[in-house]
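Some structures to go through are shown next.
One chain, chain A, appears in both complexes that follow, with chain B as partner in the first and chain C in the second.
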Partner chain A sequence: MKRRKTGPSGVVEAPLDTRAQARAKEEGLPSVKDGRLKTYEPGDNVAKFLDLLDRRVSRSLAVSLTACVHCGLCAESCHYFLARPDDPTMTPVWKADQIRQIFKRHVDWTGRLAPWWVKARTLRDDEDLNRLKNIVFGSCSACRRCTYNCPMGVDTGLLVRFTRGLLTELGIVPEGVFNVSRDQWETGNQMAVTETDYLETLEWMRDDVRTELGDDTVDIPVDKPGCDILYTINPREIKFDPRSIAHAAKIFHLARESWTMPKWGWDQTNFGLFSGDDKLGAFVARNVYEAAERLGVKRIVISECGHGYRSTRWEGYTWAGHEQKLPTESVVVTLKRYLEAGRIAVDPARNAEPVTFHDSCNIARSGDLVEEPREVLRRVCADFREMFPNRRENFCCTGGGGLLSMAEYRPLRLEVAKIKADQLRATGAKLVCTMCHNCVDGLADVIKHYKLPLRVVQVLELVSNALVIPGRSGS
Partner chain B sequence: MSDFLKILENEIQIAALSFMAVVYAIRLVWLFRFRNRKEMTFTAGSARAGAGYSLMNIAMPRAMESTRKRPSFYAQFVVFHLGVAAAIAGTLIIPYAPGVFEIRPVMRLFQAVIAAAFGVGLLRLFRRLTNPVLRTVSSPDDYFSLILLILWFAAGVLAVPNRPEAGEWPLILYFGLTAFFLVYVPFSKICHYLYYPFTRLYLGRSLGHRGALPPRGGKRAAAPSAKVRA
Partner chain C sequence: MPHIEIEGRRIEVNEEGFLANPEEWTEETARLLAKAEEGLEELTAEHWAVVTFIREYYLDKKLAPMVRKMCQATGFPLMKIYDLFPSGPAKGACKVAGLPKPDGCV
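Coming up: the complex of A and B.
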């Protein structure tokens, strides 16, 4: 299918691509057969959408849908609009209005009484739904920067996720979203890593750390019951960046941590957050919680991942209807504790290059960690410098909201990444550190596209570099 | 004072106010029919503190980048809403405590505040008509509500001296518009003040529970001035 770049409104016009869905149906995938993974079926999708809209709106969403006064203050908080200041369709208010207008027409009485007066509208056909798909998936990373800048407290990020969820239920999603959801439903992890690949990579990393430390007692335990912590990771670490597992293993070993990784339920990422599919979110999160309970650990530790942290620490318990029983924390919090307790020794001179820190949206704005990574970085880096704005005002890496998996929106994503590129360039740093694997790829794209003299690193890598290993000459 | 003006200042206002209260009550019942999600996680902060911070956001222009970078916008917001408060107060003072406006400085203060709000209203209308973003998202209700408020402020400035003997038309206009407002407001964007506490409460409670609000520790997130940075 031919893809047009952008329409006159500025929104990307990508047709609905259902080839992967057709293949999944042909193959008779269990998740498709039993209806967990929805596929597109031509028919009365508008009626289904409206029915879902009415049934799924929560109170906090309802107030966000009714309270906007169209003041426009959110516009300049959005990197899409800042990069395209002449395009009103890039503003959070316009994007949120696309679902708000439908809500007004069908659920809220003002729009039912006099639709034209409050600009309420209905959907005509699947083309309208596809257009809505392109808006909520293609022109917003659901970073919630606008949420923090709305005087009324309208949560546009949440509205975008909600709308994505309705469309996902109808199979009206970008192909990449379907593919990743399929993999997570089918294999329990979003990159379809097999158990063999998983276990072999862990063994490989264990051997690497043994060689590096010259210590055969180093281990990466799997399914070891009764440990203090259960370490969960991002499948990207198995597929593309296994060194991050080695860094964690090395640090855990030196800190004499009692830890294990689960054989099943190790993926802390959760595409349900991006697709808006709470059922997928519940399935993936429950895998982790049940693994922790099965192994009788005392704490769940989440490797460096923004949306994984938000999903596993915060949203997952609600999606799964699972009352939290165990402390659940980011590995960065674990590292901070080791440093404070003197369980590991570090020498910041080993990270001599200037380092700046990029706050992940899902951790800083939808979570609780802004100072913790900074406290760790100040201990392990010789030259730490802030980028501006930072913390909860930081700009998205531009790859958030699952956008890295949606190729059709890449040109727009990289165009609006100019804001992030300018922000990075102004730091003068050589390394940009982030505690999110998604941001690693998002930032790497920005750096490559805008030819910035920077490299992306993560907190574990910098801590690992700075480790003073007992008995090692030069330590 | 004519009988018509007396009825307009009293019975009609009370009837319109009662109508508004009934519609608001229905509106709240409608809102509460939507389910609320139960929080199932350990807290990292305080939902109550977050909610309090979020609700007080209205008085903290430094808290948000959007108002911090536009102090004039925030000032306009303050003036505009003080004008609304003064104009509402005027509708109660004139019929029930007319002595207040016999104190000349008080009356002049009310006039000044409402007049300033009138000016801000005109600025807001100009902005809504000329800013492409606002023009794109604005509905007829957005324009109508604003124009109505501007007219109401103008009527308020003229009516506050409360001198029916010098001509009743400013008072008739003021109270007529007020009655219309009371009936129209629940159906318009002006009822945002009914939702404001809820949006702020839910957002603040959720982010407060997570420890994201109120912001803790840390130095300024925004860029320091060039001088400081150097």
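Coming up: the complex of A and C.
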């Protein structure tokens, strides 16, 4: 790597904000009382951190902590560094080194024997822990593009999540992450939507689709046993944007799908992935798996959500120690099946504007779902064009890793979004499609900030637009 | 502190453009936030119907209302909310109504 001059550090100096934690304690929330939701206590947090680090390091983490040869290839793959090329603190290797140095000092024999030789370093106080928080939460969207490009197989994404988990255990977390974790622990969904609100919104969308299709048999069944599909969603679909629920219900109806949504266990998102808290990850994922078993469905289908897909399809079974008995798929795979089997008819001319596709990191790089959305888009859009780089090499929307919910890191996020903005602009597309709600907002922020002539859409919306409804001419 | 400067006024906001001190909201702030953040030159009676409802709901419950409640209270269909506020109910309407940023994936 070329040596460059050192610029000012981009690490955000956000103080530790514990106001939400204090409120949660005051209110006596059950999750706080029984210790599932951890809160900050001043005291010897460094000793606790080092103890957790020692106990939790696994073999795969130890490999990532020791195998790095500082070749610098990761730097060239990181949008933070590409946008701030004079700032070494933006390289994945520097970020990973902040935990690596502590590991070397306290766990690895090389640093215990000769700390100066391997640049081992210790932590002094809670300020140091807070600084570590600002690095692992604030200067990395955990997109794993560096991991994918590391010749030594160092998983910096794993190290970042691991470190986040240790800090979360001590209550040293951004307030936004704390708030969402609190809501998931307390209510089973990340936006604290009540059961009444959930059911009412589903009925509302059902009635809208009935009106649109002029068909009173349209239904959004809840807790109906023995269906083929259990459909699970992101709470933001209920709270702020239920259009996607209507699109799904319309398509399921036309495909004559046997489906239901669960009354409990409907949130497929999972802040355990972002906070590094495997226990929260297990709790939320298990809710979905148990709903599927309780209702006797044959398949779990996950609405368009990147981290929800990765959590529910891949990581959740491990966190929850739950045997995977049912196929667990993204709704985009379900749509692809309908199109291939002719269960729905579409006319791509109805999506005439040029569309490009943004691969969500958690779906493509970490979820191995790459070609399926493209096959769907080619069938429902007249002008589908790739952005470059794409697929597993795509750049993050910049809002990943939970960054959307951490306002304090937003200025840096939007600064480094220059890379994403250039990539989007070069496509010349009018619409950017993504199968992740997080990316929807991440991309919308980039588009607004960089004044790009683009609109964000999702796969369900484009398929819904393209539907040719039987018995209806020109519909 | 991040802030917006518009029409000679300075409004303190958080990093996402949500009012830093939600209790300091006035109708004038709403007009300025709508202009600066949503590109709305003026707020019509329809905008105000949504904004006033959100504001009252928030003062009562300390929560952002669901979009379902916004539509019920105003009688608007869902798509109307997106027509009125380009950034949608959370990042558009709630911001103009002076709420803090809602928690979660938004």
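As a convention for this text, the second predicted complex is superposed on the first by the 466 of 475 C-alpha atoms of A that agree within 3 Å, B and C clash if a C-alpha of one lies under 4 Å from a C-alpha of the other, contacts with A are read in each partner's own complex, and residues count from 1 in each chain.
As a convention for this text, a residue touches a chain if its C-beta (ideal position, glycine included) is under 8 Å from a C-beta of that chain, and two chains touch if they have at least 3 such contacts.
Please read all numbers here as calculations on a predicted model, not as lab measurements.
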item	value
Touching partner for A:P327 - first (chain B), second (chain C), both, neither	first
Which superposed partner A:S64 touches (first chain B, second chain C, both, neither)	first
Touched partner set for A:N362, first chain B, second chain C, both or neither	neither
Chain B versus chain C as contact partner of A:R236, first or second or both or neither	second
Which of chain B and chain C A:T312 touches, first, second, both or neither	neither
Touching partner for A:N287 - first (chain B), second (chain C), both, neither	neither
Which of chain B and chain C A:S244 touches, first, second, both or neither	neither
Contacts of A:S303 with chain B and chain C, given as first, second, both or neither	neither
Partner, of chain C and chain B, that touches more residues belonging to chain A	B
First (chain B), second (chain C), both or neither touched by A:S464	neither
Set of chain A residues, in rising order, touched by both chain B and chain C	none
Interfacial residue positions of chain A with respect to chain C in the complex	176, 179-180, 183, 190-191, 193, 197, 200-201, 204, 208, 234-236, 238-243, 269, 305, 404-405, 407-411, 437-438, 441, 444, 448
Contacting residues of chain A [partner chain B, same complex]	57-64, 66-70, 72-77, 81, 86, 88-89, 91, 93-94, 97, 109-110, 113, 116-119, 147-155, 313-314, 317-318, 321-324, 327-328, 364-368, 370-371, 374, 386, 388-394
Chain C - residues contacting chain A, complex	2, 14-16, 18, 64, 66-68, 71, 77-79, 87-91, 101-106
Contact set on chain B toward chain A in their complex	30-32, 34-42, 44-45, 54, 57-58, 64-67, 69-70, 73, 77, 131-142, 144, 187-189, 192, 195-196, 198-200, 202-204, 206, 210-212, 215-219, 221-224
